[in-house]
Amino acid sequence: MIEKLGFVLELVGIASAAVSGTMVAIEKKCDAFGVVFLAFITALGGGALRDTMIGYLPPRLFTSYAYILTATIFSLTVFLIALRHHESYHANKEKLDHINNWFDAVGLASFTVAGVDLTIAAVGMEAPLTPILLGLVTGVGGGVLRDVLTGTMPRLLYKRIYALASLAGAVLYYMLLRLGMPGVLGAVLCMALIVALRFFATKYHWNMPHAEP
Amino acid sequence: MIEKLGFVLELVGIASAAVSGTMVAIEKKCDAFGVVFLAFITALGGGALRDTMIGYLPPRLFTSYAYILTATIFSLTVFLIALRHHESYHANKEKLDHINNWFDAVGLASFTVAGVDLTIAAVGMEAPLTPILLGLVTGVGGGVLRDVLTGTMPRLLYKRIYALASLAGAVLYYMLLRLGMPGVLGAVLCMALIVALRFFATKYHWNMPHAEP
Amino acid sequence: MIEKLGFVLELVGIASAAVSGTMVAIEKKCDAFGVVFLAFITALGGGALRDTMIGYLPPRLFTSYAYILTATIFSLTVFLIALRHHESYHANKEKLDHINNWFDAVGLASFTVAGVDLTIAAVGMEAPLTPILLGLVTGVGGGVLRDVLTGTMPRLLYKRIYALASLAGAVLYYMLLRLGMPGVLGAVLCMALIVALRFFATKYHWNMPHAEP
């Protein structure tokens, strides 16, 4: 049951992250293959890291057509839109960043929940540390790999409540499950928390303290 | 049988990638250890990723002297040539790039076939997705790690038919094996396809479409 | 026994690397979460790589509170000092680099020994290649990941006897263990060698040969 919920939410995360990864790749002037490749890394990298860490080998992306097809279809759709309407696509940078931000937040939220679910399916839910940390890894992993591959310092290192939102969501979700709440309800609450944290952090420019003045 | 073929081709890939990785490291002004280290990453990184993904742990590079010695010998030979003849070595940049390109293509081709072979040896050949994707990972993995470590955006993201050549070769090779063709013959055809794709892509500046005008 | 020694030394390495990673993160203007995240990567990344390579899954960092707490406490302490005394903290750049260098050397030394120990605990000590190479991976892995994430070319590629010190220490330690020396004594000798190599390499600007004039 928890594995099925994790699977569905991972597909939601893959679709969102494929859109967001494609938009970054287009901005970085990747070619068609590079766009799909970067979308794959963004969409499938976090789950691959988690599967490796829990010893689920080969990771799902290497055995699941659902994963590969979801990432490919969503990435190619965005790429074709950008290719056909490239003037209007590139005309409105700010709006694009805004859209990207939403897909990114939904991806972060679904991946976090999916990561907790699939880790619990593999190692049980006795020890809180493992599913919470691997929820975080699933949530932020793909974005970090995308940033590393495009030579950007990962945004989670310096900007707004990003990884912290994922971590808070993972902790909340794990606690709700332990309290006996049904997985679907807990997942909705946890995803709402993560998306809300990201939304308010962006809107009100919340930042964590920096040591440099 | 398929594992033995994979082993031999992986050694060919390691030798080629060690040469190519060493030439990049020299250009990046690494010291002697850095050169060998970067050659190791380039030559052994793709196979280590694949072995990790199929749960062949510890990966072969940590247990096989053949892997380590091949990488070390080919890397040190190139480094010593560059050290002794550094004026003539650095005089002819274009020719060096050309040589590097060939080693890179041979490495890509042998690693792709080796990746398919060693994955089939581990998980069987029922499901096409796993050996094909891990052929690609083995083919491009070391180069991506080398690029990431030297702060270069991985070339496969923006330049000419590179990962696509590896993917096409992996698909062809898997299909030939399924059709019952002997491994060695299939490997020769697949490697010829990959090297030819790389050669023509470089010669005629084939590129995939970009979304930016 | 060897596993217990490895555990204790890994904690020493985690504490040292957390301090060093935090200092780098502050310099890179990360926020509070980014600082702790980068300290985690530096302090826990090498061990996570090693555990993955030996098939110890999930890696210790995902199951051990001792690992997580050590990294968090040492990182937050340094961050709070830098936050409270930020004028005097940033006034003396050279002294900070000097302190960082020492923590880095102690981390390199303890991680190398811990890596050899924990690999032997997992795969035995028959084959020298595996524990020696995984001692090196444990020693340098966290620093390489930290450098990659902050967009710096890993220092081990071009600067002074760094990875070589770790490798020499791992070889010495393995040999002493094979000769029957008690682990603790061997560990002290090996760590002294690594720290001394780093100290003299920094003091006398030892460098390996470069191929560029």
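Lettered A, B and C in written order, each chain numbered from 1.
In the analysis below, contacts are C-beta pairs under 8 Å (C-beta built on N, C-alpha and C of every residue); 3 or more make two chains touch, one makes a residue touch a chain.
Bear in mind the structure is a predicted one, so any value in this text is a computation, not a measurement.
Asker: Chain touch graph shape: choose line, ring, star, complete or other and state it.
Answerer: complete
Asker: Where chain B and chain C touch, do the two copies share over half of their residue numbers, giving same, or under half, giving different?
Answerer: different
Asker: Any idea how many Å lie between the Cα centroids of chain B and chain C?
Answerer: So the centre of chain B lies 30 Å away from the centre of chain C.
Asker: If a residue has to touch 2 or more other chains to count, which residues of chain C qualify?
Answerer: 52, 55, 148, 151
Asker: Quick check: in the complex, which residue numbers of chain C touch chain A?
Answerer: Listed in rising order, the residues are 25-26, 28-35, 37-38, 48, 52, 55, 57-59, 61-65, 68, 79, 82-83, 86, 89-90, 148-151.
Asker: Under the touch definition given earlier, write down the residues of chain B that touch chain A in their complex.
Answerer: It is residues 52-55, 123, 127, 129-130, 133-134, 144, 148, 151-154, 156-159, 161-164, 207-213 of chain B that touch chain A.
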